[in-house]
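By written order: A, B, C and D. Residues from 1 in each chain.
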Amino acid sequence: MAMYLDRDDDLGGFHPEPDDDLIICRCEEVTKGEIRRAVYEGMRTMTEVRRFLRVGMGLCQGGTCGKLVKGIIAKELGVKPAELEECTSRSPARPIEMRVFANEVSDDE
Amino acid sequence: MKRYDLIVVGAGPAGLSATIEAAKYGLKTVVFDENSRPGGQLFKQVHKFFGAKEHKAKIRGFKIGEQLLADAEKAGVEVHLNATVSGLFDCKEITVIENEAMHHYKADAIILATGARENMIPFEGWTKPGVIGAGAAQTMMNLHGVQPGSRVLMVGSGNVGLVVSFQLLQAGIEVAAIVDAAPRVGGYGVHAAKVARCGVPFYLSHTVIKAEGDDRVTGAVVAEVDSHFKPIPGTEMHLDVDTICMAVGLSPMSQLLSMAGCKMQDKGGIVPIVNEYRETSIKGIFAAGDVGGIEEASSAMITGKITALAAAYELGFAEEKEFREGETCYKASLAQLHEGMFSPANKGRTDLTVTDEGVLLSQNLLKKGYLDLGEIMRFPGAADEVKKVHGIHPVIECTQNIPCNPCQDACKFGCIAVGADITRLPIVNPANKCTGCGMCVASCSGQAIFLVNDDFSETEASVTLPYEFLPYPEPGTKGMALGRDGKAVCEAEVVSCRLSPAMDHTALLTIKVPKEMSMTARFFKAVGV
Amino acid sequence: MRIENHPILGTFHEGGQMVTFTLDGKEMQGYEGEPIAAALRAAGVMTHRHTLKRDEPRGVFCAIGRCTDCVMIVDGKPNIRTCITPLKAGMKVQTQYGIKAKE
Amino acid sequence: MNKTADVVIIGAGITGCAAAYYLAKKGVSVIVLESEMIGHGGSSRNGGGVRQSARDVRELPIAMYAIEHLWPNLSEELGCDIEYHKEGNLRLGKTPEHLEILKKLVDKSVSAGLDVRMIDGDEARQICPYMSHEVIGASWCPTDGHANPMVTTLAFYRRARAMGVHFISGEEVVELQKHHGMARKVITKAGNCYEGGHIIVAAGYASRAILNTVGIDVPLMKHNLECLVTEVQPPMFWQMLGTAEADFYGHQTNHGSFVFGGSSGLDAYVKNDNDAGEATSITAPSVCRGIMKYFPDLADAKIVRHWSGFMDDCADHVPIIDKVNEVPGLVIACGFTGHGFGIGPGTGLLLSQLVLDETPCVEVPGLRYDRFKAKA
């Protein structure tokens, strides 16, 4: 079961910050401002922000930005990054061509 | 489905050590690595490693890689390269992408040794070509022989930032500065000192705030930060660089473990919860090396062995006696590396003010990357009694408790002592006569030992320093001696430049300087170079 | 720039084969088997692609096949990680705009 | 914190979030309780189809209503681009047997008033030129389409939350309690008690255990399904795709990636002892082989991720959407059997109407909770 989150928690209003235009997710080109705004609009978990904005869903699968996104969300929510749940890690660990994926070889003994 | 006793994922220091250990007990083992050559990050490490002999101290990283490979080959380990493990599934099954096909394998035990990935910090322009990871710089210059840039700003003063800065200099690249948002140098003082004396300025409590340029980096803006790491307006400073290199920490590459369902925790990086043998919450799945928590390669090699030993015991290949003996030995070896100021227990501590010996730590070293003369004299390797020795003698500028002792082994004449506790500061024994062989200078992984001869001539002293740059200066070359801060302090002339196979590419450059400069001159720059 | 002689590592590519490839139609040279990205960097090429949304330039970032920033179109296929793809003679490398070559 | 509302909804998937939105729009106070996070289950794991063709006629009216009245304006209404495309659905066949299956499906849909027809391979390729020549025919429904399921669910949530719906996640419901004969209290694992004049159970497979606590059982099974997504591809086509054998389905997203779902044939037997489901090592490769037969051009597209989820497979493979007469105040919406997303907005609206005793937008007598009878 996931961590208890009352979505009515008042974070105050969304205030723009000077570095909101900074790219955080390099693959999907999602900015810090977009991530911050999503949190104010109710996205309170890494996974929800990910699904709403596509951060960490690009070719590198959040390898570069995962920690940064977590830090931004945690800061907006006023919690420690370690308190946030991680996104699920999914196969394949690297992008793989469909024809290769489809080409299952049996290495039977 | 093809099944092994043990599958190891990652052929870096941890993975290879694990396979070699497993082979000892007769486990049918295979190791997969996505790279075209094994060794993980070892082949990018051109510096000599720290530790004691059993940790392969004073051997350069890439040579350790070669040794491990030879050992693995001798042990008959099956190594698959260009083989990407794409998934870790139920029942200890992995999928491997190899030769344009997907293979399924199972094993009774799986050791994940997938290493780490680099952390990044975002700033304006950080996506521009020319902003790279420190690992990228290493890869380009040390594996592919290509300079990543011509003038570099290094962001981060941890060991990676320091070591890579030095490697950049060795590759003929200028390092414009090292900045770190922290108020103290994060890495070993000796690594910092060898970069600082080449003239690289350190800006602590500074961070990069902008990469300038349109389609590539043409400059960087750095600024001082306050105690909350926020840039202080008005402190901005422009640096002419074409490359910004990020060395701001590493995070375990633990995705496969999460995928498998191992219980994980966030300790600044996502790591599996493991027991004393690095076994995860899923029996038979182990985490060796950085994937279980970031450490040095030396520790990774030991954790690799521990996991393989534990797997061998669990699967009935190792007898209890063998297991207990091996365990005791490896744990002791790991414990040695876990001692000292930079130990995992001391990580992040800023309250240490004195060494284990009670010597006040150098604040300059932490703030600027080098010690001032007054501070040096406090330490046992350079104290007054050392200075009073007539003729040639070592001066050891090793001022922090780090686990390392090759200097003690290097001196056959008993001039240098560290003792059984390898984190102790080396002591120079003035009673034993130094012959000036210089083996201590060449063997010090931190390049912190110098030979000083105040009696070189009537008016001159000689200073012998470790030198790992090309070209080697010819005897008679005139130039400037640089101080610990990298600034020219006096004129100097090369007396000799010695190199032997035993020194393993660390040349001993002897320069002569005015007598009073013997404790100040620490580097040499030929005039016109 | 290539490192001709390294104090620790000596020389690189000894006996290596120089081959010709093209970048956006322009002939270039590199060592066979080195990553495409290394050959490009040695030739001073920094921009590998322009991004889909903001049309911003990107180049090598991690150099070990993880970040996927250095992807280009290689022999007609987009999103090829040039930092880990070995160079072959005659390769057709193109700067990637979004996911396509410039028309 | 106020733990009482006009309506308590259990489950913050597409159904629960949409119902919350339509109720809030009518000024009703709503609490939504979710054991995991918003859209955790099938709502964010499905293939995104917004489809009428090949739907069982018992639930078809909801799909037709939603596609006519709700989906087209949803982005605007929710203030968020949910990436809705209404550019048709091709259900593909490669063999005469496939065409037989498709024909039967078409006939049924047509009799229920849907504009869907059989076309030959060439016409199918005119609509979608990337299709291989192995395709000899297809069913074609021009008003079908697709949307982004993750964003749609979150967009309903976001809008409902802004309108005052109280969402609490990480709050697992373990029991319903009656009060004076009416469904009233909702007890959670953490020991909290919420109260509502109406309780909507829209918790996927978990609905079964929850309903059991007030003596209602529904014939649901957990059944694993998998999807995969590719890297961005150049824009190719906007139709929703399926096959006669239902071995894969999918579409290209606004983002450019392709999302495909599919089956290995062994899905029903995947271990189901965890809530999210684990992707298997064999399903995605099998789906890739299927896709490549139909769309050879995608062979070089790289797979970026594959994932799985559990559907709440109902005994007759259509959902239960009904007021429970024997437990006044209780409303059930579960058993969507893997095709609840496309009708999600319609289901949400219908639930709001059932709760408020309004005239429902569609009549769906075939989805009653008490329809399951043993063989005569």
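Throughout what follows, a residue touches a chain if its C-beta (ideal position, glycine included) is under 8 Å from a C-beta of that chain, and two chains touch if they have at least 3 such contacts.
From a predicted model like this one, the values you see are computed outputs, not experimental measurements.
Common neighbours of chain A and chain B, listed by label, are C, D. Taking the mean of each chain's C-alpha atoms, the chain closest to the overall C-alpha centroid is A.
C-beta contact counts were set side by side for A-C and B-D; A-C has more.
Centroid to centroid, with C-alpha atoms defining each point, chain B and chain C lie 29 Å apart. Once the centre of each chain is set as its mean CA position, chain B and chain D turn out to be 53 Å apart. The geometric centre of chain C is 45 Å away from that of chain D, both derived from CA atoms. Residue positions of chain C with contacts to 2 or more other chains are 51-52, 56, 58, 61-62, 65-67, 69, 79. The set of chain B residues touching two or more other chains comprises 34, 87, 89, 95, 102, 104, 117, 127.
Residue positions of chain A touching 2 or more other chains: 23, 26, 58-59, 61, 63-64, 88, 90-92, 94-96, 99, 101-104. Shown here, the protein chains touch in all possible pairs. Within the complex formed with chain B, the residues of chain D that make contact are 271, 274, 278-282, 285. On chain A, the positions that touch chain D within their shared complex are 1-8, 41-45, 47-48, 51-52, 54, 57-59, 61, 88, 90-92, 95-99, 101-104. Chain contact summary for the complex, chain B toward chain A: residues 1-3, 34, 84-89, 95, 97, 100-105, 117, 119-124, 126-127, 251, 253, 255-256, 258-259, 264-270. The touching residues of chain D, counted against chain C in their complex, run 231-234, 256, 300, 302. On the chain B side of its complex with chain D, the touching residues are 87, 89-90, 93, 95, 102, 104, 261.
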